[in-house]
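Chain IDs A, B, C and D follow the sequence of writing; residue 1 opens each chain.
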């Protein structure tokens, strides 16, 4: 099992801190990795909570200042699982300290921030990754494989949505630990950077670049109490965003994201229509892939529901037996397994910071178009 | 359009009287028939209701005694849509009068009754049909075609269910116009003859004969008020029946039917598993057929949901355009169109009385096994 | 059955001519109508085909010039089932002749044409209807009822799509009997007027007016052979259209329509998200309605799949029994039944020409925005 | 995190060895446990493979003789993940050595073996559990909670199936590491003990005891090569089994299991129908529960698809956020978390050996009835 240790320094202990920790901890039980991830240090501002997190996950030590963590010689990889407003500063410092850097998506709040980050990791020549985990849902990876094989022929349409409903109540606060995603200062944008960014990363990966777009954004609840100050403040984020796009390959894209779609918890859906076939997927039933093959003989042609659990499906050979599904967090396991494996090769696992910058660029265009009402060229 | 008239005498004006009338009336608008069905006479015991029914559907005349109808020279075809206890007597008389005879399923209450009916129509040499309409749901017809093509290879399993929930309340009466199906005298049996008979007819048609079976039957509500007398009476029918069967081709069958499955209105489902593929269908989504083709290449293999609405699908070329579904009553239109077409040929449309007798024979075996607990050989 | 005759003059014998004829012929068998529809005359340019159509459906006479039909004193209602470029002229003439006028959707090719039609029917004071049949799919009617009841609370999102795949091949011609929908001269527009118009009619009916919109339109296949001339010609229609819209009630709308979505035959889907619940429907499974009720107690809350076949569901009390579905054409039966019933009252069945003009106005804005790239205000 | 260590001795390193190891390793990251599971020793006959397994999962030591493991003083809990023919001997020895004992299901090959095991653990007074993991799929646990709440009212029907397709080819061998489940000597029975046992454990837990049953069993492939000897041998297991049962509460049960249902990988489905509602679940979509509540107002009543991912759902509060699903192996995590927690209380986590013996008793009755054709009373 595994060679040299890979010492992880984890910054943040929230939802994503747990996902990433679980991924590093679990990956070597299922995947053959060239280096053995070691949970070396957990870092958070609250000493007590950070210690509890470290105890829970088996981190060997604790830091309360990310600058100290970044400087530690025994850390090989810095993983950034804190709100978006800290991504750039930490990542740049980590790169400058020669660490491999992983950050939870999105890369940054803005293209400008992202560009600084790309420059830093490329200058330092360190391995880097933005954790757009959905690429490594096996069914999504399979979409990528089918599209790349050319089986769909010319692509006409790509559509994706990410629908949630957890902010409908005006009593949900903004800011603070659990709700920083509603605070424009911490998050950069609302659903665009949080949810649509996932849809966009997958779309760019599978269907290539977006040439131009127009968008509609809306803030349904105009004021919310700040979780820390207790003061009512104007809401600066987009509660919902919808986008019309033209891809560079001539296909049309539609994207939508909202936290006001009652009944949908985390409904990320995507569909791609080509000349000879179509593929559709949704996160709620993430182990299934819908596939329409126009070449099947007439009377028995239909949409096929593929239960993506067989040994020949991406990543599945490492898990259980056909018919037994995996869950959300496995996409993080795959991501970290791929990243660690790629660190030892000259072909990095994606999306790198540079690749992910493109998604941030598209997000910025969406926000801009939402304000101007005009088409934005990318 | 169409040649000679085919004069219909309809006995019964209930649910099935309406279905059959609609079928005769609609068939020539969509199918090219060798004879033109004419709604000549409607017959029922209640003169007023029979007249209203005749007015509604355009029957030219009315009778209140089925014996008179059967004797009328201007009637070519007698269609029996009354409770099961009258099937045998009317059918025998109609056959003796030289009429073509259609009866709503089941053929009869018992094998003995059915044998008399078969003898009568065969002696008279008249066209005859039991209206097991589900054979001509396009998706079910497609099942038959695929199985007959041999694509499934060796068959291992056949399973079917027909689940309803409308008799759960003990306040539902037995007997009378709307609830004669709960009266063992009128119906012969409960769910076995009413619902399971449909499953069995399809199974025998698609998968061949049943060699032996064992069954469990139950009457959950032991007493019900009679709708006409108002008196509490013991319930004589089976409320639920479940069957294990061995088909002559070596495959195993499981069948179940009940009117106590809360939430299921008319959930007739069937599935057949063969060496190389499987097919599954359900009545609630009757225009879809689920198809698993094991020969499809590995990673993209799955259950295909075929929307059976294309021109190349059975019967569909006569209706609308792809994607636009048809409904329950269309199966009756197909049945009557096929029957009228077959009348002019030497290959009768099935199931004939003789074919349908086999289903009644199996029903009798189920009732017998339900009482004895032993396997019955057919 | 029923009172005075209502003499129908049907213009057109194609797909829609069949649907409307079936509706008039079937409606009185299931609904109690104040007037009895009589198939008085069928009209088409090709005498032979028109006669065959008349024979098939039982029309009493035939005309080959719509002007003659419109002038006939024995015609009460003119039903226009011909390509869109003839709607205005025929409808105006029929109204001037004092006939009730039904036209298949869309009202007209342009707002200008539509305004002439509205003026004509209102001046003449004749009953008028545009046959947007999907309003009377029972599940869609149920959506309307639930929304009107206020149960959804504040509405945040409305989204609809109409996806087909039948024009992907560049070998499909334009123009002529079967493919006039691809000829901009005959149709006025492509998917916008043909498919999106359905989505828009339902949306305006259920969710109120659209205040502004921006659109993207595309023509994937630039040249097609004309079915009649055999000559290659530039394609003038929109093959695909996608729309972002703001409704007057503050909710956001997204609409998309295409004939290049491989695997989708006639996938009209709609969804509406409100504060307290959501509803979703799709045409391929038209007898089901998806309903999410946020007020249901926590652990058992989910999306409910309502099989819309019970007696208490819109229109269903007139058909069969619970669990037995109806088909596409039944929506036309409901439309004609409602229209004939409403003719005898002072509350017209919708959409009237005036109501349907709004949909045409939105279609025009979509085509305009597709060209300009700018938001259009309505 | 956590108190005293709980030293695990794992016997077996196959599919189930991996599942159980993952469960012990992961449970403390998500659940608050009174004792900390420590992977103390892994045991298998093949020293090399056992060592590799130990390295992969972090076991501190390795044994190649289970007797030595059982005797080790530093082992608190013996977990038996080897073929069924070894369960009894190991479990009895472990109990006699005073260890807590967990065994993968089924308890034993026969009731006689099982009774010895029950006697041993009860005499020794050690904590014991049979790992019927499906009880702790959150949706299944929710079924149990709803049924126990009495919301379904009187129960009429319980039906379950477990369908696979991996042994259809006669080239699949029997015996050996990967295919011992096809060897009657090692497994005790075929699908009955392997698959139906799961269905039965859940059924008995949720719906109470089975009073009597009749069964049909079949061996489709009569001879298979033994994986180790290379010799053709008669197949002694049941390839398929179907059961009719009467529960003690008066409801009817139907059960079926096969490895010859083409297209189904691990399709465990269950459904329970009560007077006021029904519940249905299937393993392929294990995070969903279908729920029909008859008390919902009429027009909006339907089958609700509950995405069981909310904090208020069983076990889910410990995992991610609403909408994000978990996978197959999580049911083992829940099982071990519950077992370890219950060890410190006087209310054991089920099923204990004694409870699981009932399932083995029913399995024996199925095999017996499959041979005799008669009803068996339990």
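Note that contacts are C-beta pairs under 8 Å (C-beta built on N, C-alpha and C of every residue); 3 or more make two chains touch, one makes a residue touch a chain.
This is a predicted model, so every value here is computed, not measured.
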Greatest separation from chain C - chain, by CA centre: D
Between chain D and chain A, distance of the C-alpha-averaged centres to the nearest whole Å: 35
Centroid spacing, where centroids are CA-atom means, of chain B and chain D in whole angstrom: 42
Chain centre separation (chain A, chain B; CA means) in Å: 55
Where chain C touches two or more other chains at once, by residue number: 264, 303, 307, 310
Pairwise touch network: line, ring, star, complete, or other: complete
Chain D residues touching chain A - in the complex, by the definition given at the top: 1, 15, 19, 21-22, 25-26, 28-29, 52, 55-57, 164, 166, 264-267, 283-286, 307, 309-310, 319-330
Footprint of chain C on chain A - complex, ascending: 152, 156-157, 159, 165, 168, 214-216, 218, 220, 240, 242-244, 246, 252, 254, 256, 258, 260-264, 273-278, 292, 294, 303, 373-375
Residue ranges of chain C in contact with chain D within the complex: 142, 145-146, 289, 291, 293, 296, 298-307, 310, 312-313
